[in-house]
Amino acid sequence: MQEQLINRAKELLADGTVVRVLGWRRGDMDYNPEVAYFNSADELNDFVYNGFCGANLSKYMIEASKLEGRTLVFLKPCDTYSFNQLLTEHRVDRDKAYIIGVGCRGKLDIEKIKAQGITGITGITGTPDAVKVSTIYGDFDIACKDIRLERCHVCKGKEHRVYDELIGESADTRDADRMAGVEAIEAMSPEEKFAFFRAELSKCIRCNACRNVCPACSCRKCVFDSTKFDSAQKANTTSFEEKMFHIIRAFHVAGRCTDCGECSRVCPQGIPLHLFNRKFIKDINELYGDYQAGESADQRAPLVSYTFEDAEPGIVSERGSK
Amino acid sequence: MPVNEKTGEFTPKIVAFCCNWCSYAGADLAGSSRLAYPAEVKIIRVPCSCRVNPMFILRAFEKGADGVIICGCHPGDCHYSTGNYYARRRMTLLFSMLDYLGVESGRTRVEWVSAAEGVKFSTTMNEFAAKIHELGPNVRLEDLRCKNN
Amino acid sequence: MQRIGVFVCHCGSNIAATVDVKKVVEMAAREPSVVHAEDYPYMCSEAGQAKIAQAVAEKGLTGIVVCSCSPRMHEATFRKAAERAGINPFMVEIANIREHCSWIHKNIEEGTEKAIILARAAIAKVNLNAPLFPGESRVTKRALVIGGGIAGIQSALDIADAGYEVDIVEKTPSIGGRMAQLDKTFPTLDCSACILTPKMVEAAAHEKIRIYTYSEVEKISGFVGDFTVDIRKKARSIDATKCTGCGVCQEKCHSKKSLSEFNRGLGTRSAIYTPFAQAIPNVPVIDREACIKFKTGKCGVCAKVCAAGAIDYEQKDEIITEKYGAIVVATGFDTIKLDKYDEYAYNQSKDVITSLELERVMNAAGPTKGHLERLSDGKHPEHIVFVQCVGSRCSDERGKPYCSKICCMYTAKHAMLIRDKYPDVKVTVFYIDVRTPGKNFDEFYRRAVEEYGVNYIKGQVGKVAPQPDGSLLVQASDLLDNKQIKLKADMVVLATAIEPDPSVRPLATMLTASIDTNNFLTEAHPKLRPVESPTAGIFLSGVCQGPKDIPETVAQAGAAAVKAIGLLAKDKLTTNPCTAKADELLCNGCSTCANVCPYGAISYETKLINDHGIREDRRVAVVNNALCQGCGACTVACPSGAMDLQGFSNRQIIAEVDAICR
Amino acid sequence: MSNVSKTERQAAMIREISGANPAKCMKCGKCSATCPAFDEMDIKPHQFVSYVQDGNIEALAASKSLWKCLSCFACIERCPRNVKPAKLIDAARQIVEREKGGDYLSPDEIPALLDPELPQQLLVSAFRRYRR
């Protein structure tokens, strides 16, 4: 599929449809592709598209929309939800984007490979169903289904919500219940819940990777960096601040988060940040009806709508801690 | 933990956000009708319940509040037509998140109190304060730097 | 850095009795930026306000905190005082240490401690206050009166006489309201119609008044000075411009069995009808539920007999959209349903009626042509029993907790009129208390007893039992004789409690006007602003605000009119400067805020923004200050904190939170 | 607590047992107007309230009315103020019985209290209870 994408990109550059290409470039390691602009056919020789191209390119289109000319962007099915949401919020310019919807067979999680005790990785090559991991200690064959990103197990579907053309086949990777993780926490006692989140959030180093990668967290200046709330923080200094940051971050993206899973993918501390966003998604679905942010660009988000009969906040204590 | 110096009893800090048009006036009516509620409750006047940012609530907890209550006009009676509908969704989701994080749901409450409901304001505050006494000090969300012990 | 002055009011002993004001002064003086702190017995007095001016002059204050009663009471007073002293009025904050503190706490230590914290919160807020400057908005010089009873008619006439255009919206086919249904009025016994109809005619003929009958308010948007209202003109099925009001259609109509609403269901009317002879406009409506033409497609006799060709079966509801500067609510009342009062046998016997029904029975245009007779058999009654407080002063769910106020007087009137016209009829009134506070009221009641021989018995009726012979057995208390008495009566008249007309409930929602637990509209202040709703530009006229009789209603209608005139007389209103404001550097242009704005006050512009040297075109939110009412919904919807509310900014509220939790 | 008089204690007990607040009474007399046993009573239903309020429990306890009340509850149903005279009298009855040392009437006492003119309390109570 990679060759197909490169060839089509070269064509679109050549015929002037686009002036640049936004995609993934080979990184220092095979499992570390980088997001990059490609301005010429030559530069496209470094283009890659493989199982480790999890990065969602939608957010980069905010900046690309400000550049002269049209940008070719490759979006996986789940990435298109983010693009739609950004369109709703007037953050990207549809006319400045030429979207190639790329097929997706699920993306891979290097941490899961390392978790199998594999170290000293020198290279990874692979077929759609399995990868060969070369290390200084030898080669290992691993089935892709065992090392997929969490988000791919609960994939929203392989249908692109917005595109100009489609390239490549997809394969369904959903094999888990998206809300199982949230439900497991809901079932805990308050003490267990608190202990769980304290353990997870105390790992937070406030590197802001989650915020920087999140397509919904696209504020020019985050409230945690501004003086508007007396809340500017460089790092957590107390046990509370990481909670404050993550609650507010999740609240700010509630109803806007497409559940793309990038926050959890990039967290260097491995905090399952999607559990915050999915709690809001679950509540919204249960209380206000099913809603999928980014499904189309003309939806009204749940937090900017209401019905006369909405549940009262007291429902939280009524249904109690399950 | 906030304690009364003389009695050694737990004296919670309770922040009540009241909308200017209904609930603040309801609190005034409770006052002019001499309907007592605990002095632990301190009221902050906001134009509408929809002015209450989740940041304010978390900030209050961070600074050592033991309970936060938001009062607004009854749904349908908002001075600004729709403000309390948005507040209702926002607070429902926020409270649910706090519950999810293991913070006792009794520490947060929304109550609709009209300008004519002095009695309801007073009983609500009495109930809420009693609940906070029952739950005891908030240790899960407070900024421990603020405390001496 | 601000220079803040703190002024602590004793409010006589209202505050000083449970708050140690000296201690509050002492503690406030220690707060950052506070350069002056003092206490005074009455801050709102002229001398108290002079203290503010003096401190401003001497200490160069930039901000003021007054620890006193509720800001709803005197915030405006102190803001004006500050302005006179040369400080921007929005640099004043009130710490409410009376309603929220001294009046509810009995322990002086507790009260003082709380007062100090409330003062700290206000000081913390003032530290972050910035001068604000009100804008202006225009006033549409036309008033809307909702309800065409005596209250609405009077308000409309007064406003129109002052030279402003007025529209009356009345849901029934004619103006006149309850007063049109009454026979005589107390305490003078004037004929109700005789004094009302001239007013109805005057309203109809007034060049400044438009009357929309058979119409209802459907939608209200906007705000004081600039309301936009949709009025649904229900299809009358008559072309009012052609109808001459000859009445032939009503005579010839084949469907004559509908119960007359005007006669409280005691008589019948035709399907095409005007509710009563003096109706204004004198244009009938077709009751489509009852009309044979509408039900079966056959008939159409009214169209055949109408010489003017005014019948229009195809007529549709029409929506009229109009702008108004002020709205007077005069929706009036109805009597409560008596379904839950089995003991009075209202649903079992036709001879048990409500007082309002008796008005129709006594009226020459009523179902009995004014003859006092039993509705069951048309016989002349020998003994009539009146029961007071039916559903009034009830603390259970069957009735209303309030006194309906008018029943004592109209019962005396009824008793007197009956005894006057039919001296042979015995009249007994059972009462709990006779309440007659009003000019010539007690004299009137005494006349009923002394001159007309009405028998008043203190005690409530426990049971009314219809007897096989058609009479009614009334079992009651005579508390003064400590007896239980049983009387045979031919008619029983129930002084049924009144309640606000049910239409007021949805209307209050549309108006965003507050309403109490009994569905009476709330006044802005129970003593000092009794005819204004807390919602600016909405005025209250008549029983929609609370039970009252005709003279009181007319007086209040006039007062509401004067308030409306005072508003319409202004060319511009100064707008509340506590509006939302977007920080262009932080705005994402995402439109989230505009989605929650109830006033459509937020629009977006593409502007060249210089963000720390980066110049680029950005889509940013712009708030229209004339439209923004300052609710703050946008500020919370905004994820970046670009949108803030002046006067209630994020940092100000957080400062208050911090001060309280300190 | 020893300085609380017996009557005060009894009045408080009546309030507690009955769950009624005599202060709500507005003296309308609807209870007496309604009472089928009115003529048999020496203290009338509307007077129960003032006896409780005045702490005149001795007299109330000694009254015939205690045993003439049918417990038909008409006064409770019709009272506009939720004062519940029948519950007050019932509470007074219970106090009398409790002070005798037992919670119930002994069977021996019943014949003396029966009035052939009146339906038995039990019977009327049963009618009330099972009428629906």
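Each chain carries a letter (A, B, C and D) given by its place in the written order, and its residues are counted from 1.
Here is the rule we go by: a contact is a pair of C-beta atoms (placed from the backbone, for glycine too) under 8 Å apart; a residue touches a chain by one contact, two chains touch by 3 or more.
All values reported here derive from a predicted model rather than from experimental measurement.
Enquirer: Just the chain pair, please, that has the highest number of C-beta contacts.
Expert: Counting C-beta pairs in contact for each chain pair, the top pair is B-C.
Enquirer: So how far apart, in whole Å, are chain B and chain C when each is placed at the average of its C-alpha atoms?
Expert: 30
Enquirer: Take the average of all CA coordinates in chain C, do the same for chain D, and state the distance between these two points in whole angstrom.
Expert: From the centre of chain C to the centre of chain D is 44 Å.
Enquirer: Rounded to a whole Å, what is the gap between the Cα centroids of chain A and chain C?
Expert: Roughly 54 Å, centre to centre.
Enquirer: Roughly how far is chain A from chain D, going centre to centre by Cα mean, in whole Å?
Expert: Each chain's C-alpha centroid was found; their separation is 74 Å.
Enquirer: Among all residues of chain B, which ones touch two or more of the remaining chains?
Expert: 53-55, 59, 76, 82, 86, 90
Enquirer: Taking each residue of chain C in turn, which ones touch at least two of the other chains?
Expert: As it turns out, chain C has residues touching two or more other chains at 596, 637, 650, 654.
Enquirer: Show the residues in chain A shared as contacts by 2 or more other chains, in ascending order.
Expert: 223, 229, 303-304
Enquirer: Could you list each pair of chains that touch one another?
Expert: In this structure, the chains touch in these pairs: A-B, A-C, B-C, C-D.
Enquirer: Applying the document's contact rule, which stretches of chain A touch chain B when the two form their complex?
Expert: So the residues of chain A in touch with chain B come to 182, 185-186, 188, 190-197, 223, 229, 231, 237-241, 243-244, 247-248, 250-251, 254, 276, 279-280, 283-284, 287-288, 302-304, 306-308, 310-317, 320-321.
Enquirer: Write out the stretch or stretches of chain B touching chain C in their complex.
Expert: Going through chain B, the ones touching chain C are 13, 15, 20-22, 24-25, 27-28, 30-32, 34-37, 39, 42-48, 50-56, 59-60, 63-65, 73, 76-83, 86, 90, 114-117, 122, 146.
Enquirer: Using the touch rule from the top, collect the residues of chain C that touch chain D in their complex.
Expert: 343, 389, 393-396, 398-399, 432, 458-463, 475-479, 482, 484
Enquirer: Residues of chain C touching chain A in their complex?
Expert: Those residues of chain C that touch chain A are 583, 585-592, 595-596, 604, 611, 616, 619, 637, 639-642, 644, 650-651, 654-655.
Enquirer: Spell out the part of chain A that touches chain C in their complex, as residue ranges.
Expert: 66, 88-91, 218-223, 226-230, 252-253, 300-301, 303-305
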